[in-house]
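Please go over the structures that come below.
Next come two complexes built around chain A: one with chain B, the other with chain C.
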Partner chain A sequence: MKSRPKLLWLQGVTCNGNTHSFLNYPHLSYILETFEFLYHPLLPATYTLEEIASCTQQCDILIFEGAYDPRMMRAGARMETLVQHYGSSATTIIAAGSCASFGGMFKQSDPEYITGLGFDREIAKGPFAKSPKLINLSGCPIHPEWLGYTLRMIADNKVILIDEMHRPKELYAYLAHHGCTRNEYFEWKVDADQFGTKEGCLFYKQGCRGPMTHASCNKILWNDVSSKTRTGSPCFGCTEPDFPRTNMFETKTNMSIPQDVPLGISKRSYLTLTGIAKSFRIPRLEKRLIDDNT
Partner chain B sequence: MTIRKWIERIEGEASVQFEFEKNHVSFATIAFPHSRGMEAILQSKPAMDALVITPRVCGICGHSHLFAAVRAIESVYANCGAPVEISQKAESIRELTLTLELIQNHLKWLYLVIYPELSHLLQEKIADSCRLKGAYAASLATKILAIFAGQWPHSSYMIPGGVTCDPTHVDSIRAEGLLDELIRWFEKELIGITLDEYSHFSSDKAFLTVTGDMEKIEKMLKKAKMHEQGFSYDRYLAMGEHAFSKSSKWVNRRMAKVHSKFVTLEEPYSIGEKTYAKNALYQHNSFETGPLARAMIKGVPFIKQMYRQYQDSTYTRVMARSYEAALLLEHCKKLLHSINLEEPSYIKPLKKITALSGEGIGIVEAPRGSLIHSVILKNGIIDHYRLITPTQWNLSCGSPKTPGPAQKAMIGADSIETATFTFRSFDVCSVCTTH
Partner chain C sequence: MKSEPEKSINTKKEDRKASIMQTALKLFSTEGFYTTTMPVISKKLGMSVGNLYNYFSSKDELAKELMLYISSMLGEKLREINMSDKSVREKMDMIVKMYFTIARERPELIEYFLRVFLSNREIFTKECTGMVCVSDFVTELMLFFDDGVQSGVLKDQDFFSALGLFMGYLGGMVFLNGEEVLPHPLSDYESAIAENIYNALRKQ
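Moving on to the complex of A and B:
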């Protein structure tokens, strides 16, 4: 039998959300057949954590979940030692989730010491800064299909194109805005005046970061069925280096104009278009989508 | 003789030091070595951000944290004389998605922890694919949850005043279809009889009709003599108000009312090992919380019958959690049918959150038991946030005179392996314990 690539799932400062998100992956049996799991926090694996902590094995793929704190101890081993040992033998290092990619939520636990594996927010820093082996799969948590895609690309020896933040382009060239069911409301600048409705765009008041966030959440749906914006929650921009921001349910505005405009669009173009779009009154978009009177 | 062991697969790790006397565990201390300082992260943030931050306390029960956080903020509104109105629909959807989180938790625990650990303990091999069954069933539960909450883990769809989603019948029919599929899976793989028959068991004799994995697990539990060990305080606590659970305590076979003012946090006992877990106590006493406590308080006939025979043994504890999954599936079915989609999802609170100053408390029943969030807001900004998680009750580390529930349950075990299994019967969550 051909030996399978050895995969190690290691945890830094984490909530285990990426572990649990990946358990939703519909093709887990393919993954377990294709890779040998040296260690995983829940799935069947060859070694115990204590055995892994003794640094006597080597892996081909290192999946790291959680923020990186060099001083942290796992089963008696220092994180810096663990990451250096397993990272040096690995041909691919996958930062699973935003904490591992950029520091994320748990950078706030100790901002001075905690970073991602190769980035500290958007600055290249950490044990694998600028390493060509590093793939960031940001998101809080990681999307199971995104990790499934990455592992299958590796198994098939296919080249994964990455952006300047080391994220696979096929997953992160899209914005969370793409495929949002509220797009028409965005086009015609019809905002949702409150939460709890399927109508209206959440970009103007409710803090939605969809047009500025690299993520394919509305293309590759969550749990195969939905997404935040499809269920009326704003996108919090959880795949971006600046996640978590503050005041996440509110859009920052200056003189009632959103402070941040859609990615790559100049403020002037945005304002011009908005001015025109707002000058029209479109009764269809102001009514409920499903109107029982017609 | 003292032996230290790392216990893993508990949403992180714990270090347990077992003391042995005459080949039996005479005492054990529990230390949780990691902490992320969630309460400090919440400090000075706008109140609504708690709905994004607190789900990140835990990857497996983050939805329970979201529910506790929204209840805590709504309680500040109420304490400020501006109670928030919530539609029955929003209440039902919240309860539905919480219930689904409990179900995914219990099924993962059963297939990824309990079944493999029993097989290890008894040296009876089970296929790796068996563990994936639990992940598959859990993913069906989270799929239904995501229809309403957008995603699982880490949704923030509960907000003061209701929920953000506005489902149509297309959504609820899809959810019903998936729930049917999950129930069929449960009947075929786990119990071999109908959910309706199973969830109405009134005596433990009825269990003889059960086939499927549950029959195997039950036999293995007995073979490992789990009905003869793992006894704890026989004191139970459930504080969250839900249709599936009653807020009460059960001591000396009597029920009594509970109030959060009697909950205290105390420093853990330690023998020179750093631990970040504070002990949660009620009137300075240890209480067991979680599915067994909920079943005792609610009076679930099948579990009460089992309790009469095997008391609060590891066996009863494991069976209570497994059985709760069935009751919760029934509950989901009822909830889904009862939701009136014509009602509003969200009723805007009358008072602006930035004008809100005061205290609030939110309590829910999470997979592992009672979860308490308390908050103090000043002009809508978090001035103080305190989390008390279920594992802080069950896994509290007391001195030899006052051991916590899991510590007490491990005393008398004849090996580290059996003691560890009893430890796991509490469904330990390391990340929640220290947060």
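Moving on to the complex of A and C:
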């Protein structure tokens, strides 16, 4: 039998969210058949964590979940040692989720020491800063399909093009806004009055970051079914290096003018378009899509 | 590519259009919108009414074009101020000065805005609704306010509360000046008015 690529799933400072998210990958069995899991916190694996911590094995793919704190201990081994040992043998290092990519949520607990594997927010820093082996799959948590895509590309020996933040372009060249079912409300500047409805845009009041977030959530749906904006919840921009921000359910405005506007569009152009679009009242967009009373 | 004679015809037509707008602007702002009919405008220009309609399909269309022109002209001046390397306080002085200078040098522009656009909204309901015909100007004011709040100088509040205070005050002074109520020239009030607006809008 042909030997399978060796995959190691290591955890830093984490909530296990990425581990759990990946369990929803519909083709998990393919991954389990294609790769040998040296260690994974939940799935069947060849070695125990203690055996991995002895640093006697080598892996082809290192998946790292959680923020990186060099001082952290795992089964008696220092994280810095573990990451250096397994990272040096791996041909690909995957930062799974926003904490591993940029520091994310857990960076908040000790901002001075905790970083991502290759980035501290948007600055290149960490044990694999500027390493061509590093692939960031940011998101809180990671989208199971995005990790599945990356592993399948590796299994098929295909080149994965990455952006300046080391994210695969195929997954992150899009904005969460692309494919959002509320785009018509965005065009005509019709607000959503509340969370959880099918109608209205969440950008104006509810803090939606869809137009400035690199993510294909509305192209590759979660569980093949939905996305945050489709359910009436704003995009928090969880794939970006500045995640998490504060007051994520509110749009920051200055004199009613949004502080941040869609990516790459000047505020002057955006406000010109907005002022005109807002001048028109479109009754169809003010109605419920499905009216229970008729 | 257009031939030379064709170009010259187009330029001529543009020039004629500009002169129609200038004449109409003066008539609308001094004689009022309803008393200024298309025949009155054409007579003043020395052209036939039929020919006038070759340039503007209706009086409402002419009215809309005039508002777009004024907004674009004021917007451009505001844009220059916004893009200058000055403080919010200095920019406020510059805006007030710019507005009063236009009111003095080309009163018909401001008069049209106040006495035609704001006073006869029924004319502008179709194609000039909301911000459509004033968006150049309003956008620049939005950018000015946004910059003021972001730099920590102005108080964060509803846009229209600030807009009303700012433009209402300036418009009111120009109106009083037009009615010859003010004892001094408009320029004498610039500094005090800019300071009052600044004090009203600044972060306490």
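We adopt the following convention: the second predicted complex is superposed on the first by the 290 of 294 C-alpha atoms of A that agree within 3 Å, B and C clash if a C-alpha of one lies under 4 Å from a C-alpha of the other, contacts with A are read in each partner's own complex, and residues count from 1 in each chain.
Note that contacts are C-beta pairs under 8 Å (C-beta built on N, C-alpha and C of every residue); 3 or more make two chains touch, one makes a residue touch a chain.
All of these numbers come straight from a predicted model, not from anything done at the bench.
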Combined model on chain A: chain C and chain B, fit or clash: fit
Which superposed partner A:R268 touches (first chain B, second chain C, both, neither): second
Chain C, chain A and chain B - angle at the middle CA centre, rounded to the nearest 10 degrees: 120
First (chain B), second (chain C), both or neither touched by A:S279: second
Between chain B and chain C, more extensive residue contact with chain A: B
Chain B versus chain C as contact partner of A:I123, first or second or both or neither: neither
Touching partner for A:A173 - first (chain B), second (chain C), both, neither: neither
Chain B versus chain C as contact partner of A:Q259, first or second or both or neither: second
Chain B versus chain C as contact partner of A:E50, first or second or both or neither: first
Nearest-approach distance, in Å, of chain C Cα atoms to those of chain B in the combined model: 16
Chain B and chain C contact sites that coincide on chain A, given as residue numbers: none
Parts of chain B lying in touch with chain A, wherever the complex brings them together: 6, 8-9, 11-13, 33-34, 36-37, 40-41, 45-46, 48-49, 51-53, 56-60, 62, 90, 108, 112, 116, 128-129, 131-132, 135-136, 138-139, 142-143, 145-157, 159, 161-166, 168, 174, 344-346, 348, 431
Complex interface listing, chain A residues touching chain C: 253-257, 259, 267-268, 271-272, 275-276, 278-280
Interfacial residue positions of chain C with respect to chain A in the complex: 79, 129-132, 135-136, 138-140, 142-143, 145-146, 148-150, 154, 156-160, 162
Of chain A, residues touching chain B in the complex: 11, 13-21, 23-26, 28-29, 32, 41-44, 48-50, 72-76, 105-106, 108-110, 140-141, 194-198, 217, 222-233, 236, 238, 244, 246-250, 290
